[in-house]
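The structure is given below, and queries will be raised subsequently.
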Amino acid sequence: MAGRVVQNIARAEASVIDGLAHCGVATVHEAQGRIGLLASHMRPIYTGARIAGSAVTISSPPGDNWMIHVAVEQIKPGDILVLAPTSPCEDGYFGDLLATSAQARGCRGLVIDAGVRDIRDLTQMGFPVWSKAVFAQGTIKATLGSVNVPIVCAGAAIEAGDVIVADDDGVCVVKRADAAAVLKEAQAREAREEVKRKRLAAGELGLDIYDMRPRLAEMGLIYE
Amino acid sequence: MAGRVVQNIARAEASVIDGLAHCGVATVHEAQGRIGLLASHMRPIYTGARIAGSAVTISSPPGDNWMIHVAVEQIKPGDILVLAPTSPCEDGYFGDLLATSAQARGCRGLVIDAGVRDIRDLTQMGFPVWSKAVFAQGTIKATLGSVNVPIVCAGAAIEAGDVIVADDDGVCVVKRADAAAVLKEAQAREAREEVKRKRLAAGELGLDIYDMRPRLAEMGLIYE
Amino acid sequence: MAGRVVQNIARAEASVIDGLAHCGVATVHEAQGRIGLLASHMRPIYTGARIAGSAVTISSPPGDNWMIHVAVEQIKPGDILVLAPTSPCEDGYFGDLLATSAQARGCRGLVIDAGVRDIRDLTQMGFPVWSKAVFAQGTIKATLGSVNVPIVCAGAAIEAGDVIVADDDGVCVVKRADAAAVLKEAQAREAREEVKRKRLAAGELGLDIYDMRPRLAEMGLIYE
Amino acid sequence: MAGRVVQNIARAEASVIDGLAHCGVATVHEAQGRIGLLASHMRPIYTGARIAGSAVTISSPPGDNWMIHVAVEQIKPGDILVLAPTSPCEDGYFGDLLATSAQARGCRGLVIDAGVRDIRDLTQMGFPVWSKAVFAQGTIKATLGSVNVPIVCAGAAIEAGDVIVADDDGVCVVKRADAAAVLKEAQAREAREEVKRKRLAAGELGLDIYDMRPRLAEMGLIYE
Amino acid sequence: MAGRVVQNIARAEASVIDGLAHCGVATVHEAQGRIGLLASHMRPIYTGARIAGSAVTISSPPGDNWMIHVAVEQIKPGDILVLAPTSPCEDGYFGDLLATSAQARGCRGLVIDAGVRDIRDLTQMGFPVWSKAVFAQGTIKATLGSVNVPIVCAGAAIEAGDVIVADDDGVCVVKRADAAAVLKEAQAREAREEVKRKRLAAGELGLDIYDMRPRLAEMGLIYE
Amino acid sequence: MAGRVVQNIARAEASVIDGLAHCGVATVHEAQGRIGLLASHMRPIYTGARIAGSAVTISSPPGDNWMIHVAVEQIKPGDILVLAPTSPCEDGYFGDLLATSAQARGCRGLVIDAGVRDIRDLTQMGFPVWSKAVFAQGTIKATLGSVNVPIVCAGAAIEAGDVIVADDDGVCVVKRADAAAVLKEAQAREAREEVKRKRLAAGELGLDIYDMRPRLAEMGLIYE
């Protein structure tokens, strides 16, 4: 089953991808109907990064990072590496050398449901990583995995070419075919939220803006 | 049982509350006899905040943030929202819009045994949150909870109007009726510690300052 | 069994220790054959510290920090305190007073498979700590433990005088007797990596630099 | 704060307590409005026990079981010991000797948010325990705690004399003053469920029995 | 996105499904190339069950079990319910009434990445459940989810009609289209293992049966 | 570093080992000064087993069980296999074939800080296992580890030939050189406990048997 590298994957439009990055994880997640989040244990190694890119997926055995080298060759500028181990693992699959290589190919970051190391160097390089663990444990290169096959990463089903959005709130995946529509809805949502934000900042209550009082009363809420 | 909003809660003196904030979590916890800490999984979304305020408590169903809107109306300047879900949950109940609304009412922060999102925005707004998770997962508004009822949040029993102290070390609750006495003891403790700090900084040993050697010898400690 | 303090422990050469600090955790771990890492739950209270030092080990009962006072007397400049509780515990054994005392004796930091508090103060003092938890819970001084005996801390066997290396990637222990040889290999590894880093930065692929393609093909990797 | 033993606590009626045991945790939890559950990590050491009793509460330091001896004296036939450590701990506070003693006093079981040991013996004795861990780690007798004071155990606020119900589903607490009313509602619920069980067993659907189809359609459920 | 019920799903051959049940999880997992396992936190409520069936999938909001009622109508004899909450949850979605209903429709069991309750009753009924938690927490019926859509359950991607195999070792999913081939390979594997089992039971070593010695020597294994 | 097999290890006396098995984990742990326990996550796959044996230690890479085959050859009747992965792993290293082989060599059980599978078969064979997880995930045979070298397993330092005691309470290690003395103390402890058990069963209180009342009063315990 393992041992496949799918080349020439389809990607979403660059402008759509960049638009999704700008909207951020929470808004994109809402805009597509509250789906696509990776588990909350996926945390950034440093704060402030907000990226989007096309997923180059990697399925790797536990403690074996060989396939990352294979995946790097498949990177096109703007891509994001997304690695799921075939069983739970927190070894440090990825460090500054692989980051140097990936960055040289135009890679925007890494999402890995395992460990990462050299985080001081990665931070200085501005190469963001969302991971399950920071762990220096070295890995081997002994067994095949696959690249650009469908994976489940941190609880989310991801296919090569899907759009990955990642920021301080975590990571979200958008199906490639839905990306343009999701962006449109996300931007509309942002516009709507801007109006609300001003009213709330002025002291208006959500209870009034969203007209919640009648429904709360109907359901029996009692003020004492 | 759910569906109650208690209004007009009693609060501690503002000067007492601010004094407790200045002492910080560790000192306040010690001053009241080593009680009141919330579990260590309650971590701040950014470092450096040190606040205290009166608890406006919220009991909410899992994945339902409706009651936060109800609670915001109950906020008085200097209050802190404290939310406990009715069963374990890490969904993102709270984000930048609710923070805008709470901040407009004078709220000093949020303590939530669940998830929070938009943490980049919250950081920029200077709205501190201590939470169990950072997670963008959206929530619904379908079921009643209660506001300003007694709750258990992250292992601590909290009543509306109790004083919440929160900083980089975590979160501590002080019973409203005890707040003034606890502050007095906390300040006394700070003064005592200042003396010890100077002696320790000068190289004196705790073994000598606290006269521990006789008791250690009596218990059988052997130097080899 | 408990109740022993071993004095006059052997330590590695200062220049070797400092060299290991410069190499960092990931490189040192690799240089000694991928051994010696403490578990990934050992996280620094602030980023950017990179230290090495001789271990002054502490075995303490849960919730009892008495032995830290005993251990502080055993510190020589350049040492690192390493504490393992005798059963799992996340109480705050260590805060700013003990840090003041330890720092006054020349201690470079603390590694503790339990909790730490006063992290704002510790950060301002520049006293780094790697811990399992940040937790303000106070501890007592009632039961003997031991100092400078062999311990297992966060899954790693550590003896007094072993070299502890700690940075943003976590914590690694090097056997005292191996320290010089490990440093030599670590420095050689750094030199080798520098060459690779330049080639990777220039866009060369790991697949080619490491000549991986024949072996991948032999194992059956298929490009689609 | 610690160091108190409250004697002569009030208890619910024996017949009410026994009735609640018969209804079981899930029914009692529902009958009182879905409150009172202890966290799901509280698991029985053997299956098949279903008990209820009045809580004799114990607040103990981590790794110190002294207060259990104090609490045993307070047991009246039909009581259940409920222990919460003052900070997270999984040490084995309780084993066959204490169980022998408690059982001799008429104790029906133990609920402990920490560890238990000698579970083979406890099983043979028919002394049920719900705990966070099975762990043989010994404990000391050095520091005071309290008996029959309000505690938070596994996330639930419990007062001495409250009714504890425990079975294979976990543990639930019923406020003493509510016990009779909760039993009445629990029994009514059981009767209602018996009717439904028969209809469901006969192949009728919940969709029809509860008349869910109109509401599902109204909310937009689509059958494809 | 939610609010869909797919009817008339395709299922694998009954004889294939039953054959897979007989082979068990470990063998089936191996036979299909070591894929398809659900996470190890999915544990059976009682030991000894070994089942296989066609997945009727359920995507449900946290703490809302409404869709299970919808799903029960879609059950055909031999099916297995498979529920994934839309965010992490351990509430007790399922108990004896739903089990009665499902069993009346011919359902063989439940796989749920959340909680289950009434496990004494379920055990007596012989209705096996593999779950993340045993927890009595009640759930509501307020929000739509979907039935027979693709889900990710405990880390595995599952589509309606896929074959679920579950026993004391956990849970494995087999793609419907692969089921017959996987069964064939699983049975071949069983036959091969039977031969090895006899040789091993007779005291032959795996080192010799699998001819491992030359390769171990080549890789440098040293006997001291 | 890896790649070593130490043969001809020393073992404790068979009668001592069997005596320790009879005493059980809790008593042995106490008898040697409350040391030697493995972490509480090490649980038996079935209840009722109580064994002791000499440790044949295995250090294995994550997801690679090759070294178990090497270790089986080193087993002498009465030994127990003890495996620690070189980084955290829960894959199923061990199943019924390896158990058949180990049992044929006289192995009494397995202690593994990782996963195990085929637990139905192992239960039927009466081959007990204490593990971190039950997980069917298959493992490879690609990388060397070592046999009979010192390891840290579930937090305990273990050397080949140390005595492993395991029962329903978990797992404990006794240093080979201490085994006879520990047995003696364990048996003395059992005798002392038998006396206490009878007094406690007769209703005497630990408060009186251990003469705790004066010390409790001295420390300030207040009866209300």
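Labels for the chains are A, B, C, D, E and F, by order of writing; each one numbers its residues from 1.
Basically, contacts are C-beta pairs under 8 Å (C-beta built on N, C-alpha and C of every residue); 3 or more make two chains touch, one makes a residue touch a chain.
In this text the structure is predicted, and so the values were computed from the model without any measurement.
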Exercise for the section: Call it same or different for chain B and chain E: same when shared residue numbers make up over half of all numbers used at their interface. Expected result: same
Problem - Distance from the mean Cα position of chain D to that of chain A, given in whole angstrom - result: 42
Practice task
Report, in whole Å, the distance between the mean C-alpha point of chain A and the mean C-alpha point of chain B.
Solution key: 31
Practice task
State, to the nearest whole Å, the distance from the C-alpha centre of chain C to the C-alpha centre of chain D.
Solution key: 42
Exercise for the section: Send over the residues of chain C in touch with two or more other chains. Expected result: 34, 37, 40, 86-88, 90, 135, 137
Practice task
Make each chain a node and each touching pair an edge, then name the shape: line, ring, star, complete, other.
Solution key: other
Problem - Chain pairs that touch, as defined at the top of this document - result: A-B, A-C, A-E, A-F, B-C, B-D, B-E, C-D, C-F, D-E, D-F, E-F
Problem - Interfacial residue positions of chain F with respect to chain A in the complex - result: 61-63, 86-91, 135, 137, 140, 142-143
Problem - chain E - residues contacting chain F, complex - result: 24-26, 29-30, 34, 37, 40, 43, 47-48, 50, 167-170, 172, 193, 196-197, 200-203, 205-207, 210, 212, 216, 219-224
Problem - Sites on chain A touched by chain E in the complex - result: 1-2, 32-35, 37, 39-40, 86-88, 150, 152, 155-157
Practice task
Quick one: which bits of chain C touch chain B in the complex? Just the residue numbers, please.
Solution key: 3-7, 46, 66, 69-70, 72-73, 90, 92, 95-98, 100-101, 103-105, 115, 117-120, 123, 133-138, 141, 144
